[in-house]
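Paired with chain B in one complex and with chain C in the other, chain A is shared by the two complexes that follow.
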Partner chain A sequence: MNTFLGPNDYKSPLKPIWCPGCGDYGVLQALYRALSAIGRPPHEIAFISGIGCSSRIPGYTTAYGFNTVHGRALPIAQGVKLASPELLVVVAGGDGDGFSIGGGHVPHAIRRNVDLTYLVMDNQVYGLTKGQLSPTSPRGLKTVTSPMGSLEQPINPLLTVLAYGAGFVAQATPADMPGMTALIEEALRYPGFSFVNIQSPCVTFGEEEQQLRAHKARMKPLASLGHDPANQLAALDLARAYGTELYTGVFYRNPEPPPTYDALVRLRQAELQRGEPRPRARVLEAYLRS
Partner chain B sequence: MVPITGIDFERITLRDALDLAVLIEEEARDRYWEFAEQLATHDTPEVADFFSRMARIEDRHRTELLDRRRTLFGDAPTSVERRMIFDVEAPGYEAARAFMGVRKALEAVLAAEVKAYAFFNEAVPRVKDPELQALFQELRDEEVHHQSLVKAELARCPEKPDDSEAYADDPVAQ
Partner chain C sequence: MLEDLVVGMVGSGGDGVVSAGESLLAAASSQGFYALMTKSFGSQIRGGESSCRVRISTRKVPNPGGVLDVAVALNWEDFRRFGAELPLGPDTVLIHEAKAGPPPGDLAPPGRAPRQVLAVPLAEIAKTAAGTDRAKTTVVLGALSGWFGVPPEALDRGLMKKFSQKGEGLLEANRKALAAGIAHAAAHPLASPRALVHPAKPSPKLLCDGNEMCASAALFSGCEFFGGYPITPSTEVMQILSRELPKYGGVVLQAEDEISGVGAAVGASFAGKKSMTATSGPGMSLKTEVLGLATIAELPLVLLNVQRGGPSTGLPTKPEQADLFQAAFSAHGDVLRPVLAPTSVEDTFRLTVEAFNLAERYQTPVVILSDQEIAQRKETVDQIDVSRFEVLERLRPTPEQLAQGYQRFADSPSGVSPLSHPGMKGGNYLAAGIEHDVKGAPTASGAVHAAMNAKRFRKLEPLQTRTDLFERQGAPDAPLALVSWGSSAGVAREAFVRARALGLPVKLLVPYLLYPVAEPVYREFFTSVRRGLVLELSHQGQLYRVLRMFVDVPAGMTSFARSGAQPFRVDEVLERLQQQAEALR
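Entry: the complex of A and B
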């Protein structure tokens, strides 16, 4: 039986409705190719998303998909992974979904180290709702909700996830399709929480210097700088340049990935099934006898 | 320079090279279909029709190459995959814009043909087998022919003000 799965095997019949020129088209294409490289069949993959343009991704794949509620993709994805640890779980969403309304979930998903891949399509604006300020909008950005320019310091997604201890942190742009595909594939293969910040420009409400043509001129692959992805301190230092430099590649990859939360949960379940009464059951028995 | 990913030009066979050429045409065909769908969805029907026509042209090229491959090698399995190539003859996603004109679309096609020429031109000196070299030269020269066709069409296409920056709806506050 021929089990080869090409990129188009992951493509659903639903047609994307993003604006022509949107960076998310490239992300989706890279994702199809990365999944083809991994070779897991669609029924072994689950895409979980929140709300936003990029959160439409689950519908465009043949894998299981759950387009959830705004900012809640990570908790639901963790539940999916714990309930069905055999699934390859991928979370997709935007910078607003992930670092504004869903920002409170990011540290906990990271510290638990649930084995999932979080792809953030960072376009520095709320595109779906027509161009409002987002948590990664640069200071001074003029939008409909900041007509005189943003007064806020943007969140730095790379520094945030590194500081919380994520084991795999990378940044990509659709301006470099081979590089982005390789990074997504590597993130999917990493055993633990992996994060890829994808600078996916909003062609309608984004700034000119954030578009793909500008990315092609600006991007600096970390590999060409001689960066060692095992060096967490160097990764933190490079991540500080978010918003000024466009570094692409792996910032940090834990050379010794710790056990994942889902693996630890399975161990605990095995312990509990070995017959020793659970502490809570003992307490309940004592209470009923009293 | 067009990135050449995952293709070992030292070891590539004539069969693989033909399969690669088929995949390159297939990728371009699929991209033009995607563009046609995008622009049809975003109220740009004239350019959607144009990209549909481009998709049919690329599909015809693909079929011709596929027939040649089958004549020479039958259904022998291939060792090249779609994920080894990236936008060789397919225009980049950034080339499409809502409300773009046909002229802009033609310019995007021309840029894609120039890119494809660069790919084959770069491949020619990297292969040693004379048959393979001849194939890549032939494919490269075809791109020159395609470029001349697009340029001729561009010369016939009137300059019109580009309204791709105009959108039906203005940004609003929530």
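Entry: the complex of A and C
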């Protein structure tokens, strides 16, 4: 039975708490459309997030959502996916959640290649706590915690995620809704860990050049540059421009996706189960001495 | 004749004293004795000092034993490092490597020096008999067999098992060393003979340690997911489950850190699977935030904390009972998280099953507070009839509930609401660390928060009357009380038996449920009590203090507590009880 599921079937009755004009509204709309295009019923989707403005997003969908603790969405999502590999598992959060407090989890989720889609709404500022420096804030940014301007070099999410070995890496902006929708859909379909860095403007605390109007003027689709998404080295090179250029599209897509961790785990289980394990009620016999 | 023998052996890493202890344990258990072995090391990975303590008895062994009956020292420097872990007494037979020289004068406190000291040229005997001094611990086994009646056939069978894979030469050499040790004992009889009585009827027993027992109970309980990070002294649980769980379709994730380990387990629980994590104090500190998440999202989770000395890195290889405050109280907000404590390898099984059952029934994280001694001591256990254990599953929504506007956090008289999981059509909801209404929608309403807190606490009210999670012995109206938990309870049990034999009006209470404090159980127990002790291995006496928080503890109840790595001895507990009994008059 395959009934058509429209974008509205993924929309929950909860009203977002985001500021009017927040980029996350666009992300949410794109996500509804991408999920509809994929057509998995909402109850087969687990949508995991951390803490931050963008981490509220699971509640605005009809999927099973888990709005967890700050920075821990990836470990929790991996637990969900390994426990129930048949689910479509989506992870979302902000740049602070993913690259500051939760930064230690990113390389491990990637190297394991658990089949997750990780959407980071990168606004280069802490919005929920009202305007502090974030790990992707540009050097020199004046915020309430860097009143004289930041002395720190920002992390480059694209470059790090590529370097960790992610099989699918893309960047999107709500300034290009069709492009973002297509990228999210493609990420969801990629068999393995996929990452989309979404430059999602913070209308309240963000800089002028981070707003949608500026995005529209600045953005350069990678396809228009003739970039081949199968070329990992070229992707790394282009990713270095994070913070100066706004490239959109797929930086890298592994043309031969390796087996996912969840699939390998299932294979091993199947192998071991053929050995007919001792029934659970008799496990203690392993320690019996006579 | 002896019914109980406590042997302690100390050497440098590589001497093989632990391996000799294992041989002794295996030999004794194969002959139908009850036996128990603890190991203690410095924290070096290789080399350094190592020791073991083996207790062999015709009756169930409640603890590793206090003062040694037999002490074996291969050198004095290492022996000294174990101090109070291997106490000597006037009746201890002290056997030492002859070439180490006589025992230093300050080896034991005044009046505690062993009267019988036997210098044995262990290395020399080994060299002569086996051609290598590396067989000296096998000589020790032979001597112990000769002097204390450990059956030589069983030791020989042990050698067969151990060395048959390693070549005929090595096996033969060790057999010769064993025979030489026996011959030495025969040629040098003890001043007063001490030999073990043989058990009447040997029956097959289990031989395992607490971590093995815990992992087995997790498998028995239907655990499907384990997320964790290696940490002494709990790592063996993850190691065993890594090997076993996939056979049952389960998953073990060795995570990148402690937080990720518990996070993955909570994720798997959200996905509908029975989940577990294991750690020790430092890891528990890191996992705390995610435990709070499991509390508010009402997700079942079992967390094993094998306590070691703290704070911080503390004493990673030694036992302490100083994580009770942490287990019960490490949370922000109002949190009630059940804490269970096994007291032996055997009851680790039952309490692990109980932990899974409580977690699933009440949709909450549950902490099992084991400790290094229980977790890593190997002991004989009578076969456990597992058919008497019920395995509970979480309450899931019915098809009707799913079809008619399912409410994940619907309030109910018990506080428990049906828990759906991804994949279940109609059960879709938002789980969250943020406070939420009955449907899971985030809220900042004080009234909803109060109602949800009340619901989360109400779920656990039935624990107040779980008298089966307490062990009570002695006359109910006894005025003298002994209360103890965890590994110290094994010492308390033996002290209790001896105190009663001396005619002391004493009763014993061992809580397996530490938190929430089951107030009615303690109120009833303390009604007759005028004097007593709470025995535990922590500087602060954490159970004593927790009890005083919740219960009117009689003024005459005192804390007998000290820091870890200095296990209690039965004789000193008995002495304290006698003092308390005198104060009753």
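Assorted remarks:
Here, the second predicted complex is superposed on the first by the 273 of 290 C-alpha atoms of A that agree within 3 Å, B and C clash if a C-alpha of one lies under 4 Å from a C-alpha of the other, contacts with A are read in each partner's own complex, and residues count from 1 in each chain.
Here is the rule we use: contacts are C-beta pairs under 8 Å (C-beta built on N, C-alpha and C of every residue); 3 or more make two chains touch, one makes a residue touch a chain.
All figures in this text were calculated on a predicted structure; none of them were measured in a lab.
Contacts of A:A286 after superposition: chain C is touched, whereas chain B is not reached. Touching more residues of chain A than its counterpart among chain B and chain C is C.
In the superposed pair of complexes, A:V144 makes contact with chain B only, with no contact to chain C. Of the two partner chains, neither chain B nor chain C is touched by A:G226.
By the touch criterion stated above, chain A contacts chain B in their complex at residues 6-8, 15-23, 25-26, 29, 33, 36-37, 129-132, 143-145, 174-175, 177-178, 181, 203-205, 211-213.
Contacts from chain B toward chain A in the complex involve residues 3, 5, 30, 34-35, 37-39, 41-42, 44, 81-83, 86-87, 92-98, 100, 167, 169, 171-174.
Contact residues of chain A toward chain C in the complex are 14, 41-46, 48, 51, 56, 58-59, 62-69, 72, 74-84, 86-87, 104-105, 107-108, 265, 268-269, 272-273, 275, 277, 280-281, 283-284, 286-290. On the side of chain C, the complex with chain A involves touching residues 26, 29-30, 204-208, 212, 216, 219-220, 222, 224-225, 227, 244, 246-251, 253, 255-257, 259-261, 263-273, 275, 289-290, 292-293, 297, 349, 380, 383-384, 386-387, 421-434, 440-442.
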